[in-house]
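Read from first to last, the chains carry the letters A, B, C and D; within each, the first residue is number 1.
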């Protein structure tokens, strides 16, 4: 259990992940679900970015021609997170447009209500 | 008495206006700057009623407890299971974090020969001063190509969902979905600040894109900034002006051109790399704007795609066509 | 730095929790917006300015704009007039919705 | 390097380029470009497969100028090439078979967009099959999810949009878990390429370092991919998504999208964890149990269903249960059976969806069983195809389903611990399968009143029949000529290690 306090940032990321996950799973309202999704993704990126962080080292942009490992943090996680952010923004745009369409048709955002409606329509 | 001006003449001078303004007798900005009261856009009473009634009808049906016992039961089980799952997940994940290597220290598995090479010879091999950009656009370019395809796929799905037909027989539906009727008209503060801000924002976006290999940022962030600038322009000046600037054809041309360039450039680079051929792309002097070979071109392509995509998302959400 | 980071992390958690407990959708979107903004500061403290720029432009900028456009479409941002009408209608509801509506039309 | 080794790279780039070009093409051109690309990619994969069978060893292909731990790689072996070929065949047949429904069910101005999505789906599937890098795999998993969502909701009815929302929510939960697992794994190993990760994982496992996080990553990754491929308790989105989308979408979703995820899981098991490490964790047992439950409950739901498309969809839940049972049994033989079942289920399920579309067409568009009575006479080809698919699902000899059940049974017998539950559930599930599929087939061939005019003519009818025949041939080939294919799968899995 020794590293839990040293890894407090990662612990925070995990808590955020679970909060977002629970929002996505439990909330009835679609908008809240989407916010939960975004929080969940941000949490994963936070977790990943801390993997690259090394205390006392600088931004991975070559300054003054110094090219030693001791000068910069690990650039890989930053690159991965950059890719990930794009993915999550595309996914949330898609989810939001689905929300609009769903609302236009059923005038509600509650998935349970919609599925009951569908059952009653008997399509 | 010839020095004295007549009252009419005096009223035309600047000092008169200044003193009058100072006295507060007349505020020159009255009626010029403040938001004019919008012509109230009436959602027809009937539609509001219909909407409310529809949602009420839905609720009546759904919360009909007697007929919905099974649903109720299912719902309770689902919520209980979900809560148990989440709590379990939290405990497991926190326990796992306790066993992970400590953050912020240098001797962790992540800091191995891979990142060392990116840092130590990234500048020579890719020509990019910003190591992150060099990594995502050269060492691991396939990911980034996939990422721009994610954006492309997302735009396609958003177009499927929200793009309306040009001609709609049912006029009422059209009005409801299209909120160009609701947009603010002639808001002087918004327009004035937009006139100043939009060029600056777009210039900043272009700067971020062009300096992607030298400073923080790159195609994606710069493109998002340009997209935000375009959205501000749209919100300030209304759809009619924005439509002159940005059409469906422009969107298609730009995204097609950018993605094709991206695809061809990367294919060339992958092909030569895998077959151990010389790529013949000069890397230039590190630190100059025109350096780092393909990365510069790719950043511009990504920037254009992202700017178009972001603007398209917003326009589709607001009114459903370009 | 550690104290500063702890404060930011605390803020993130508070934001994330309050999103799920806020009643109003507009509020939760605004809270999410501030979540993103704080996140971009966290990126700066983690020495990743690339991420900070991107997060600020995308998370706090574009995504929130899309959220607002959606809220407008699903009538979650009520204009005052609409709210009044809704209140009137709710009043009707308490009596008997179906009859009232059918009588009026 | 021989030129033929470029083929995986060409296939991925070609299909992506197809997606990029499609928006600016006219509709007919987009359709033909799409078909041509699928055919060409299939041909390339066939050539690659033959080449690899000849040389008998796999190779890695650098994506860029940088070698192994630094650059990005794809990897081609017998199993990958075979999968790519098979996916292309299924996709081509599904597109041909569903072409006439596409015209009626998708708005005219949105058909171009459909072809974009199909091209991108193909590219993402190919990338999932060939990739040697876990983060690339994640990015393409997301493309797969988004395009699959597009395929579901392109037929814009309330049902499909609701199904798409449910699908997206489930998928995103899965993606979240998957990505978290991959991140932790990256933290433990420090590499993103599968080959390098494998060495590190073996080192960690041998020295008993980070045992607990490693176990958690196995759990996260397998549960994420299981959620995405609709394993039993997470299948709520599936019936609506498969049941109401347009015919070719349903065929591709059931046979390709979920199979892509499962293939990725198999690949991660072999290429990242190594079979032994994965087997020593107890996650396999969880997968096994959920697989068994899926086999039973999927079939039970299918029996209660009164809608032919939804019934076939529920049967998918049961079949995915079979595959996870194979993975969960934790032996090499069972794994081969599982991978073979991926092929056999893909071939059969898309056949069933395409033929069900034809059957409902001749029954006035209704999917209820009452209205389908006698549909086998009204559209003989669709009836015959449905019957063939049903026989294969039940596991009648000569068809592919029989071989996979045989392989599962063999694998179960060799595994002493899990023999009894596996065999019992296999038996029960086969009986249940027989009940609902035979019920349907008998209904299709029950005469009602005077025999109606058979074989309604419509534009694209020939294409439709050709696709059905193609699927039936594929099924029978898998059923009759199974030994070389099973050997090939064994060889391919061997190459993974």
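To be clear about the criterion, a contact is a pair of C-beta atoms (placed from the backbone, for glycine too) under 8 Å apart; a residue touches a chain by one contact, two chains touch by 3 or more.
Every value quoted in this text rests on a predicted model; they were computed, and no experiment measured them.
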Labels of chains that are neighbours to chain B and to chain D
A
Pick the pair with more C-beta contacts: A-C or B-C?
A-C
Roughly how far is chain A from chain B, going centre to centre by Cα mean, in whole Å?
17
Intercentroid distance (Cα basis), chain D paired with chain C, Å:
38
For chain C, residue numbers touching 2 or more other chains are 48-50, 54, 58, 62, 66, 69-70, 73
Per-residue multi-chain contacts in chain B, two or more chains:
51, 93, 95-96, 99-101, 108, 110-111, 114, 118, 130, 132, 140, 143, 147, 150, 153-154, 157, 161, 216, 218, 220, 313, 317
Give the residues of chain A touching no fewer than two other chains, as numbers and ranges.
9, 15, 17, 20-22, 25, 50-53, 57, 59-60, 76, 78, 80, 82-83, 85-87, 90-91, 93-94, 96, 98-101, 104, 106
Touch relationships between chains, expressed as pairs:
A-B, A-C, A-D, B-C, B-D
Help me check something: in the complex, which residues belonging to chain D touch chain A?
135, 139, 142, 145-146, 149, 153, 156-159, 161-162, 164-166, 168-169, 172-173, 176, 179-180, 183, 186-187, 192
Which residues, counting only chain B, touch chain D once they are in their complex?
92-93, 95-96, 99-101, 108-114, 117-118, 125, 138-143, 145-147, 149-150, 152-154, 156-157, 159-161, 163, 165, 252-253, 255-256, 259-260, 263, 267, 269-276, 279
Listed in rising order, the residues of chain B that touch chain C in the complex are 40, 43, 45, 48-49, 51-53, 56, 60, 130, 132-133, 179, 182, 208, 216-218, 220-221, 224-225, 227-228, 231, 310, 313-314, 317-318
How about chain D: which of its residues touch chain B in the complex?
1, 5-6, 9, 13, 16-17, 19-21, 23-24, 61-66, 69-72, 107, 109-110, 113, 116-117, 120, 123, 127, 133, 135-136, 139-140, 142-143, 146-147, 149-150, 153-154, 156, 161, 180, 184, 186-192, 200, 210, 212-213, 216, 219
Residues of chain C touching chain B in their complex?
48-50, 52-54, 57-58, 61-62, 65-66, 69-70, 72-73, 75, 81-82, 85-86, 89, 93, 97, 101
